[in-house]
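Look at the two complexes coming up: chain A is in both, with chain B in one and chain C in the other.
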Partner chain A sequence: MTNGIGRAAGGLLTYGFLGLMAFLSVFPFFWMALGATNSSIDIIKGRVLPGAALATNVSTFFTQVNAPLVFWNSAKIAILSTVLTLAVSSLAGYGFEIFRSRHRERLYRAMLLTLMIPFAALMIPLFIMMGKAGLINTHIAVVLPTIGSAFVVFYFRQCTKAFPSELRDAAKVDGLKEWQIFLFIYVPVMRSTYAAAFIIVFMTAWNNYLWPLIVLQSNDTKTITLVISSLASAYYPDYGVVMVGTILATLPTLAVFFFMQRQFVQGMLGSVK
Partner chain B sequence: MDNLARAYLPRIAGLALASVSFLAVSAAEAKEITIWCWDPNFNVAIMKEAGARYTKTHPDVTFNVVDFAKTDVEQKLQTGLASGTAEALPDIVLIEDYGAQKYLQSFPGAFAPLSGTVDYSGFAPYKVEVMTIDGQVYGMPFDSGVTGLYYRKDYLEQAGFKPEDMQNLTWDRFIEIGQQVEEKTGKKMMGLDPNDAGLVRIIMQSAGQWYFDKEGKTNVTGNPALKAALETVGKIMSTNIYKPAAGWSDWVGTFTSGDVAAVVTGVWITGTVKAQPDQAGKWGVAPIPKLSIDGATHASNLGGSSWYVLESSAEKAEAIDFLNEIYGKDIDFYQKILQERGAVGSLLAARGGAAYEQADPFFGGEKVWQNFSDWLAKVPSVNYGIFTNEADTAVTAQLPALTQGTPVDDILKAIDAEVSAQIQ
Partner chain C sequence: MSDLQLSRICKSYGSLEVIKGVDLDIKSGEFVVFVGPSGCGKSTLLRMIAGLEEITSGDLTIDGERMNDVDPSKRGIAMVFQSYALYPHMTVRENMGFALRFAGVAKAEIERRVGEAAKILELDPLLDRKPKQLSGGQRQRVAIGRAIVRHPKIFLFDEPLSNLDAELRVHMRIEIARLHKTLAATIVYVTHDQVEAMTLADKIVVMRGGVVEQVGSPLELYDDPANLFVAGFIGSPKMNFLKGVVEPGEGGQPCVCLPDHADAKIPVQLKAAAPGTPVIIGIRPEHFNETGAATLDVAIDMLEHLGGETFAYARHGKGDLVVIETKSGRGLKSGDRIAARFDPASALVFDVNGRRLR
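Right, the complex of A and B next:
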């Protein structure tokens, strides 16, 4: 009897807590969606009901912002970053795990240490480098520093630990070269690891703010995050328009996540069955 | 792909070389001035207008106005200056007045002095002061935050006050009026954000003082204006004639919703006040109340920004000439930006134009712009120094203690300690 009540209370507590957390994480999205339908003044007044200003907000957004160009810039940077990062960093993670050498662990630890350096500290030297290379205000300058990602190397090395060495041995017996093993055995087997990494890297690249802000200089190279930041910081920001912008900016990452959700979860749990 | 690239690379390279030399030739004639600023509806739009005017008389000069958020402009400027990468910097940049001395002093030689070119005697003196170092003046004064007391005539009339009663107030009288307004109408006198030291800054500058003296030394414990300002804000709080606001938007909401009877702030709020058509004819504008100490005036300032030309700019001469021609002389330009954007510039002669002369039906036919222009010339000059933002944070942190009745001298000591700790 007491046991039953205890269990019920425990369940209530669990669900109450989970419900609260769910509310806290979903409410901003809900608020964003509502905000897009309300006028700026209603948003300031704290209106939590859908309004009638959606069409106005959307049309203001599209007249104020050169949306196709801005989204193209963001997409170009995000996709280039993601593909190159996955290619380079997965190869590095694979290499670190598979090939033994005397300095492997020392090198690996040194690389991990770079995770501790905040980007703000690297910004000025990096900026000088880009200036010397004549890459200021180019998208290449945004993509280049993201490619060698210590975190993604680390992630791939961890996941490669589960990659069966028998597969490699079998492939070698069959006469495959190292690059063929990587490309035709490793990559297909690690599909879900790649999917999870894709989501993480894509999201980071799409939302990247500080470095693009520093290195991009003109209106026609700007990304969506920069444009929203400038919309939101006017003396009298039109919050409805800002909300429309944030919704549009969220959609691509949402889409990527939904398409790869299954693989993402598998990738997080460990990919090789 | 590889073969393709190999086949075409020489041709592409040739084409690129050709276009580079072509660009180099045309660059000798056409000049593009790049400008960074931050509000698409305000300074960005105004700069585009200014650029269009200049291009009309100088067809070889075009403008590229780039907008970033204000903090982003500061971040980019800081990185560009610190890295010494000149090609990363614009030709002209907008800097907020409170932060101007910080950039001018931290990066000596980075900004072009305009002393010989621009006739600064035509501008509001306090705007020129913020951009002066060792007698050299570095910027082109832009928008002013000259302050006014906006009040609801209808509420005050209900409480028994006429517009004449709102002229030349002292802060003590303002608070008395506030108490009567609440008694008779149930409305609070003003909105106040307890986490914003803006009102303290307004009151302090109205008496010609700042957190720092003319030499840039901390001026807190022995600052009668700061003390009186804190006492005034404390009194507003203890008499409870204010409606508390959480943040900027909420504060704006206190008067757009009609909940308060008065607003004391910079002239740039006019557009927001007028954005409520149902309140037309109900507002009046008077000079802000004055302290009862030596040097007190009815004029002050909140915010405002100015244009600066980068010394490294390849188009430095054109940029300076442009600012001087438009912002330094074009009276008609000032009428247009006032009408379209509600921008009050710092050029005193602008008041002679049609837009400044106009009576505003929203304010019951008062010539509000003439009034603001009068007060603009009277704003006391102070030295904003390098650490205004740090001092402001220290003041904000002490505002709650003010409500709890801590003696003002103790609060001043606490602010002084915090400012000294932060700037060392």
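Right, the complex of A and C next:
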């Protein structure tokens, strides 16, 4: 009897806690969706019911913002960053795990240490470098610093530990060169790892704000995050319009995640079965 | 089919020498099995033949051509791995034809060879499946098929049956033996399972610590081991080893006195050992019988009834454990005292360093 009550109380606590966490996670999205249907005044008043201003907010957003250009800029940067980051970092992760050398671990640890350096410390040197290279106000300037990601290299190295060395041996006996092993065996076998990394890197690149804010100076180069930020920081911000922009900005990352979620979960669990 | 020669082959990782001057001649069409305990260097030696490990010194020749620095794919070898190493993203057909595709073989020829190998290995219905849709035995057959389609001079097998269950292992062992007969191929096979070695090999190479201990046919190694290690490694259950001392026997024939077995005297044929020399007597469990002239008085510790035969684990006092195989052991029970008889001529004698004394 006492045991039964204890178990029920424990269950209540657990579900109560999980429910609270779920609420905290989901409420911002819910509020964002509701906000897009309300006027700015209603949002400020704290209205949490659907309103009738959706059409007005959408129309205002598309009037104020050159949406196709802004989304194209974001997509271009996110896709380019993701593809280049995956290419470079997976090669590096593979190399760190597969090839032995005297200084391998030292070099790897030094690379991991770069994770400790806050971006704020890198901003000014990066800006000077980009300035000297004549890349300020170009999308290349946004993409370049993201390519060599210590975290993604670390992730690929860890996942490569599960890549069977006998596959590499078999490929060598089959006549493949090292680059062919990477391209024709490693990449397809590790596709879940790539999918998981793709989602992480794509979301990071799509949501990137601080560095694009610094290097992208003209309106025709700006990304969606910068545009939403400028809408929100206007003298009289229209929060309904900001919410519409936020929803539209969230859609591509959601689409990427839903499209690849099965691979993502496999990649996180270990991609080689 | 092809001849393979290893001449003073060495392999070192820094200061650690793992293969120490191996000399070996493998004739065309031979089935040679490398056996030895874990870490003895048998897989490393196989990988050196395959070109997957560099040869530190010595010469590796195939059909008289030095292969030390030749790319694995150009040595005329094909290898079957312990974990099968099938490409998981390709179908059985693609796995089998992959090496040929890379070698630039025409599509029709690839199809023909894959079909031929699939027929030999009964893989036809599985050609469009992915490896994850196959059982362990089927995967192993695909791995062998992948080797066959290349028409290699030499097949290399690295513990190919280790991942299979006991029943499947027996089945695949027969398959491999049949394959050797059908293809008349030169095969180098690594295993730590001496039953596989005994049943498959034309020639067994016993290795320990990077050194070849003995090379010979399975029965040569069984009947006439060169040392204590080979005697203990070949045969299951392993040979019994009893400590003794050489003594002068009747009529000038020396005998070995076994202090741990109530000073039992075993007459032996020895030319080289002087009286007083400490030795080790080796008796195989299956050499105990009911009519032998030599006797050990022992008490049974434990029994294993396998149906057809019984293994009795027995000892005299606190002496070494002796394993006795008997066909008539159903009536025995733990604690029974028995006189374990054997023919002294079947006993082998080794010195304390493990060298065979004759």
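Note that in this section the second predicted complex is superposed on the first by the 273 of 273 C-alpha atoms of A that agree within 3 Å, B and C clash if a C-alpha of one lies under 4 Å from a C-alpha of the other, contacts with A are read in each partner's own complex, and residues count from 1 in each chain.
One rule holds for everything that comes next: a residue touches a chain if its C-beta (ideal position, glycine included) is under 8 Å from a C-beta of that chain, and two chains touch if they have at least 3 such contacts.
What you see is a predicted model, and the numbers here were worked out from it, not measured in a lab.
Enquirer: Based on the shared chain A superposition, would you classify chain B and chain C as clashing or fitting together?
Expert: Fit: chain B and chain C sit side by side once superposed on chain A.
Enquirer: Go through the superposed model and pick first if A:L167 touches only chain B, second if only chain C, both, or neither.
Expert: second
Enquirer: Could you look at A:G131 and tell me whether it touches chain B, chain C, both or neither (first, second, both, neither)?
Expert: first
Enquirer: Considering only touches as defined above, state whether A:I214 meets chain B (first), chain C (second), both or neither.
Expert: Touch partner of A:I214: chain B, not chain C.
Enquirer: Just to be sure I read the superposition right, which of the two partners does A:L176 touch: chain B = first, chain C = second, or both, or neither?
Expert: In the superposition, A:L176 contacts chain C only.
Enquirer: Could you look at A:I117 and tell me whether it touches chain B, chain C, both or neither (first, second, both, neither)?
Expert: neither
Enquirer: Which partner does A:V189 contact after superposing on A: first (chain B), second (chain C), both, neither?
Expert: So A:V189 only meets chain C here.
Enquirer: Please state, to the nearest 10 degrees, the angle that the Cα centres of chain B and chain C subtend at the Cα centre of chain A after superposition.
Expert: Between chain B and chain C, as viewed from chain A: 160 degrees.
Enquirer: Residues of chain A touched: more by chain B or chain C?
Expert: Touched residues of chain A are more numerous for B.
Enquirer: Could you tell me if A:L18 is touching chain B, chain C, both of them or neither one (first, second, both, neither)?
Expert: neither
Enquirer: Chain B and chain C, closest CA-CA distance after overlay, in Å?
Expert: It comes out at 24 Å between the closest C-alpha atoms.
Enquirer: Can you give me the overlap between the chain B contact set and the chain C contact set on chain A?
Expert: In chain A, no position sits in both the chain B and chain C interfaces.
Enquirer: Considering only the defined contacts, which chain C positions touch chain A in the complex?
Expert: So the residues of chain C touching chain A come out as 47, 50-52, 71-74, 77-79, 81-83, 85-89, 98-99, 102-103, 132.
Enquirer: State the interface residues of chain B toward chain A in the complex, per the touch definition above.
Expert: Checking each residue of chain B against chain A gives 34, 38-42, 64, 66-72, 75-76, 79-80, 82-85, 87-88, 90, 249-250, 252-253, 256-257, 268, 271-272.
Enquirer: Which residues of chain A touch chain B in the complex?
Expert: 41, 44-45, 64, 123-124, 127-128, 131, 136, 210, 213-214, 217-219, 226, 229-236
Enquirer: For chain A, which residues are in contact with chain C within the complex?
Expert: For chain A paired with chain C, touching residues are 164, 166-167, 169-176, 180, 185, 188-189, 191, 272-273.
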